[in-house]
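A quick write-up on the structure given underneath.
Chain nomenclature is as follows: A, B, C, D and E, assigned in order of appearance, with residue numbering initiated at 1 for each chain independently.
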């Protein structure tokens, strides 16, 4: 591959091509279609791997940038680029899709369309993560709704249509305001500078918004992202969508789709509206904290295991948002890391729940019992994923949550303390569910359930192992993310009077100021 | 001149001078009457398409008469219409290149404006007509209707639309409106065997006549206030004299808006729309939902932008109100419909609301956006109604939501096209619908009408539910049929029409530059 | 190879059991009994051996140089945060690893016999090895997050092992309870780490401890108490102790290893490890001491009335842990460590003995169904008696020395109230242990009603050997730290770690002797009382008879569980179920669906205006016209 | 003064017959009332120097349109009385209110209206040396208004074609010679 | 003494509203239709009034066009009514409500 090879475009094009190929193959040949989809998704993974290898560590600049004019009149361009933040989201996406395709072996109904939507979804999500033009971003953002809508509605469970419609409209409502925000921003920029552009970098470097305008725009973006994340109280579409979606849909939804929201906050909201970010961070922090506690509490009383995991996602994504808006390197790094870790762990959980459902045709916790005995591999893997999700050190969940809480603690102590209690609750609901589902003496159908077969092991194991690996050795990820995060924070610092607390130096603190946080207060700032 | 004892002040530039004191030489006068009747100037290129299309209609009428003796001529009407449209298209292209090279001009004593704006809309009308003819072929055969009369009336109506697109005089607008409407009244009632069709016809007719009367009353008031019905003349007058709180002009403006509002189905003048769209033969619905809107919006834009440009502050709030009402009512009512045609009728009302956003912005951007929207809308809506046309059964029945159940199994390709077009209606990216919405939002945002934009985007979400609901039925709801039962044949014409619509919808969604360029260049005479 | 090179290899110590766990995970299911057990034991043995090497190496260094950090790799680098995966080797950690690996190896061996025939034999050893690895990481961790990793790791293994027989609901519930309760403590641990980083900018143990003296007292107190919260969870201190008695659902070797000897002492270790923070604080130590002694007292009182052989031991463990915290609280860190070690010996021995009894009786745990086992299980009985005397504080067994040292330290600190409660606890300890020995080993066999008395049998050699070995250690364990300045080996050994701590010592021999005598007398009184009361065991338990309704209160563990269950868990759950239904689905989701429904309803209602009557339509058009005209009127200022 | 009298009589007649159109229960009566209005309006035309239009008004409207109405009424046999009550609830009151409000609004607006268009660049004057009213109208029609005039021809074509298409007896083949004599 | 434009316009306005109200009041399609004619007449009167006011012959020409339009409308309108009445005897406009909602 030469240097001119449009790697990023290829990452979008390959799954899209795969989708068309799947559509073109004869309807009767399930095997061919599956194989084609698998080949194309693996090719995408290969490209993502190549991206990972070629990615220059230690720089915050966008890499592999591609730029072409798209809609000249509106200043819209086809601009792609990758930095440390998006890199791993792309890799995670590329990784999850082969896995879910493998997990979809039991999908028989209208397989062709299923694969088509799956691969289109992959292309869309990857596009979201590499777009550097706001409209292009929005295009990919919206376009992911369509395949997801069909996947939930077409291959989901009992209340799938309700869930699909709710998903579609709710997220669309949020993104509608996002679009208003994007347009307003660009046109304000246009009227101020005379250049109509949606280019992220150019807009980010423009410092001409008035304070209140910036806040309104921030809120418009917020509407789009908060619904997607989802932040409390915009979360209620998620349990329905998660529960009713087919396994693959749930995995993708939890694994990467929700991350689009937090990614949006990180990439766009913070950089475009630094002042509003600083001013409105408390709002986000409050909602994130509520989400963490509320999601966990609600999870404890869900009778449906998928719903339970869905609410746990609310809590986890709360952590991500908390970390991001703590505005510290640690918090941001933790947020991004949690995005990755949650993708892996919750992905595994959903995969396993799907496998249980395929066997038992129920997700009701009350109807399951003692599965560990009859399915030790299933039980074991579920346990590992559950503990990873709980934040057990050594597994991926911990690194992210730890950094988030630590980073938050530095600037926003109360939120960190309240949120830290989420770690207790996570154990409560997941172990409660585990106990009800997997322990005890299995009876009836539960006693006859089969353990995971080879294919299923192959589906789940890579994710579990990866979760373990990055939990033990997260450095390769962290060191690639960090420059971009630093740049983001520096950007905010350059625009506002916010200063990230520097590492404390060991000095004797006076006794009359016990435990004074090293938070830099606004008025203390030395410009 | 009788001032009726009421003192009037007319602002002339900066100072205020009583009417009576205005020096005569400051009153612009042109065209002194002479003894001989001068031949009006005529640039045929400007009105070529109208003339060709109406002539074609006459030829078809003639063919129909002759077909008494030679029945084979009957089948020629379709091809004659196509040829006529093609010729009109060629003339149009020529006029476009003229206008782009040498600039816009007026002809026929200023009654006809030949400018990019007019030609753009004429193109859309021709497209709608062409597609309306294409999808009707199978329909007419299925329903055993008189194809020749249908073709003649469609062409006549199209001629009215074409006239309207370049009309530069209120009276021409009125007449063109009548031409297109009266033909449509007949077309709406065209299906002899359907009571609904006739009901649609009479409803459309009564309300249409009612609203044209109101429109005409508006013309009268504007005439009284400005002394002319020529848009150019009105504009000149208004730019020479600043009318302060002039009731006459305002009444005229309000009444004109009623007339236009009726034609573009703006709320609260929309109530005929669902009934007529549902009752009319489906190809007619397709044709009129696109053509009428294009022509009416063209005239509305021209009136507001050239004629009453100076009265912006007066009409902006009115159009704003209409836009909001139209957006909200259209989409909210659409979600409770169970008849697909009716549902699409309401959704077309909602679309009109989006165009009104562009109109309301009243800027160059706004006009371009409205044009782009109409362009995208034409293909989308005709495409969607094409699907509805071909899926119906003899007697033009089978438009209920439940009739679409299992469509994706029965006819996957048609279902996929329908889905695509519906997503375009919802404004999902990579369809022309998205680009169109983007354009109008851009115009409104540039005009700092944030409230309107927010209403519009939220309405888009509500409207999305409508399309999603139809998709649920076609794709998601289980059906007990084996899949192929109830399959309908899709004839070549409809196939071509569908392909064209889908292709344009996709092409504009992916590469909208060309459209936006053209829309930008399709500016007014002024 | 220099000493430091050898110390650099300390990673072997946790790595061996970890490797064992991995091997067992991969191949365990294919190995035949006792293969997995042997493999695991071997790994522990190897680990123990290398611990000895480490000890020797460290010993060879000057006492000032006995601090070595092995940095393995950067674990979590983020901005100014640099968390390393490093091992900290100093006398304290080496002491810990020695008895963890030593006792651990013995218990592994014992388990080979105990778990004989279990269908998940290999998995048991997998967990056990994983536990050992985690525990060793906990002990050796050179950064707080790494300690936390071990800390959570042992929690996980504890969960897995308590729930080992997860088919039994009670076991599964107990495991969950243990983990969740521990998490409450972990919350404290986490916040303590955050505070340290916020104020000291590092999470590495050594610089953080060095920096502790620079902290404001409030901060230091907060850190100390938060760490202690963590310790309370892990070491089952009031009020987070409730999980430990239930943890007895696990196999007995687990109880011995995790819930007596090693894991539960991690809290004590943590307090000792982070003592600079406690030293900086005026109140933290007192809090620790009082929580400790109250725990000791309450747990001992509960042990008085229980009939389950393991539960008595569990409460006894809680009680003894309270003792250790009392010591740590008053600053007698050496004494705390000393008691930890001796306790590990004799409590492990007691548990293993109990396990042997249960094994011999095919699972019977009720002491009322035992009796007279001395005849059938001689070795078990003998070793059990040694342990009994040790825990009762009889000279010259290990327990005497360590307990005595604690009480003496408290006395010297002039905390007489503390001392008094401690002494009362010692009395009760002697009493309930004697009661237990009498009920189990003396008298006649009392099989369950209508049950053919199965003949109890002595356990196999793999089980007896650890008993004997531990008994030996119990006897001689006191030598580690005799209360004579020159013989206080442990004290001297730990000196570099406890640098700067003013440890209290009994400075006069007379006072020391007097206190020791009092302690012995207390023990003897306790033993004597119980010995007489339980000369014959009848259906009516004498203690319970005398305590009356208080006995029920004690048996229910001072109703802690009841309080949690009825005041927090049950109403909380009910509330959440209500909230989920009415708030989440009702209000939050209801708002969403409400908007949809409102639109739908609005549509339905508006739709009714569209009656189909053309006159109505005309009216709409005309009404609209009128509205526009009205606007015009306003606009033209004719009206208004 | 005379003009005032004529005006008043004609105006009152026009309004009264207009009301008569609306309130006549029998369509035939309505049609006759309509004739009354048309005549009255024709008088008003004359008063305002629109002689040609007055004539056309009478000839075309009264002569053709109303006759057509009557013809259809008779053809369909719908010359019976309408019910007195209105089946649509509230239709009558709301219609009257709307009409009243609109009328009030219009009359208020008329009070202040002036044909400000007098200042405009307007077409040929109403009267003068160059011929009478008819001539002027004709001249205007064939010069300035030639295009609208042409459009009316299309309109008539549609009227003819449409009427035939609609009332034909359902059979395809009796599209009779509807050859329109169009003006174009 | 000339009659000013005001009275004429007022008469026209009255005719117009009466016609409009008639459309809303009458059930017979033919009468509704006549009412529309009333409205057109009102417009014509307005045109003529303004025409005289402005001294512009254009106003009268417009009336001419309106007459043509009215005629065309009547032709088609009556045709539609006839077509409907053929199938549904005695139908009034109120009865035509198959299409609603």
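The working rule: a residue touches a chain if its C-beta (ideal position, glycine included) is under 8 Å from a C-beta of that chain, and two chains touch if they have at least 3 such contacts.
The model shown is predicted, which means the values in this text are computed figures rather than measured ones.
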Topological distance between chain B and chain D, in contact steps | 1
Return the chains common to the contact lists of chain B and chain E.
-> C, D
Per the contact rule at the top, check every chain pair and give me the one with the most C-beta pairs in contact.
-> D-E
Would you identify the chain whose C-alpha centroid lies closest to the centroid of all protein C-alpha atoms displayed?
-> A
Here the gap between chain A and chain C, centre to centre from mean Cα coordinates and rounded to Å, is 36
Whole-Å gap separating chain A and chain E, where each centre is the average of the chain's CA atoms = 65
How many Å are there between the centre of chain A and the centre of chain D, using C-alpha atoms for each centre?
-> 69
How far is the middle of chain C from the middle of chain D, if each middle is the mean of its Cα atoms, in Å?
-> 100
Set of chain E residues in contact with two or more other chains = 2, 5-6, 16, 19-20, 23-27, 32-33, 49-50, 53-56, 58, 65, 69, 72-73, 76, 79-81, 83, 93-94, 96-101
What are the residues of chain B that contact at least two other chains?
-> 1, 4, 171, 175, 178, 182, 185-186, 189, 192, 201-203, 206, 210, 214, 223-224, 227-228, 246-247, 250-251, 274-275, 336, 465
Touching two or more other chains in chain C are residues 596, 607, 610-616, 618-619, 622-623, 625, 629, 632, 636, 638
Please list, in label order, each pair of chains that touches.
-> A-B, A-C, B-C, B-D, B-E, C-D, C-E, D-E
What does chain C use to touch chain E in their complex?
-> 607, 610-615, 618-619, 622
Contact footprint of chain C on chain E as seen in their complex = 20, 23-27, 32, 93-94, 96-101
Chain C-facing residues of chain B, complex | 202-203, 206-207, 210-211, 214, 245-247, 250-251, 253-255, 257-258, 261-262, 268-269, 271-272, 274-275, 314, 317-318, 321, 329, 332-336, 462, 465
Seen from chain D, its contact residues with chain B in the complex are 106, 109-125, 128, 130, 139, 142-148, 151-152, 154-155, 157-159, 161-162, 165-166, 170, 172-173, 175-180, 182, 184
Spell out the residues on chain A that touch chain C in their complex, using ranges where they run on.
-> 166, 169-170, 232-233, 235-237, 297-298, 300-302, 328-330, 333-334, 370, 372-373, 387, 392-394, 398-399, 402-403, 405-407, 409-410, 416-417, 420-421, 423-424, 427-428, 431-432, 434-435, 438-441, 472-475, 478-479, 482, 486, 502-511, 513-518
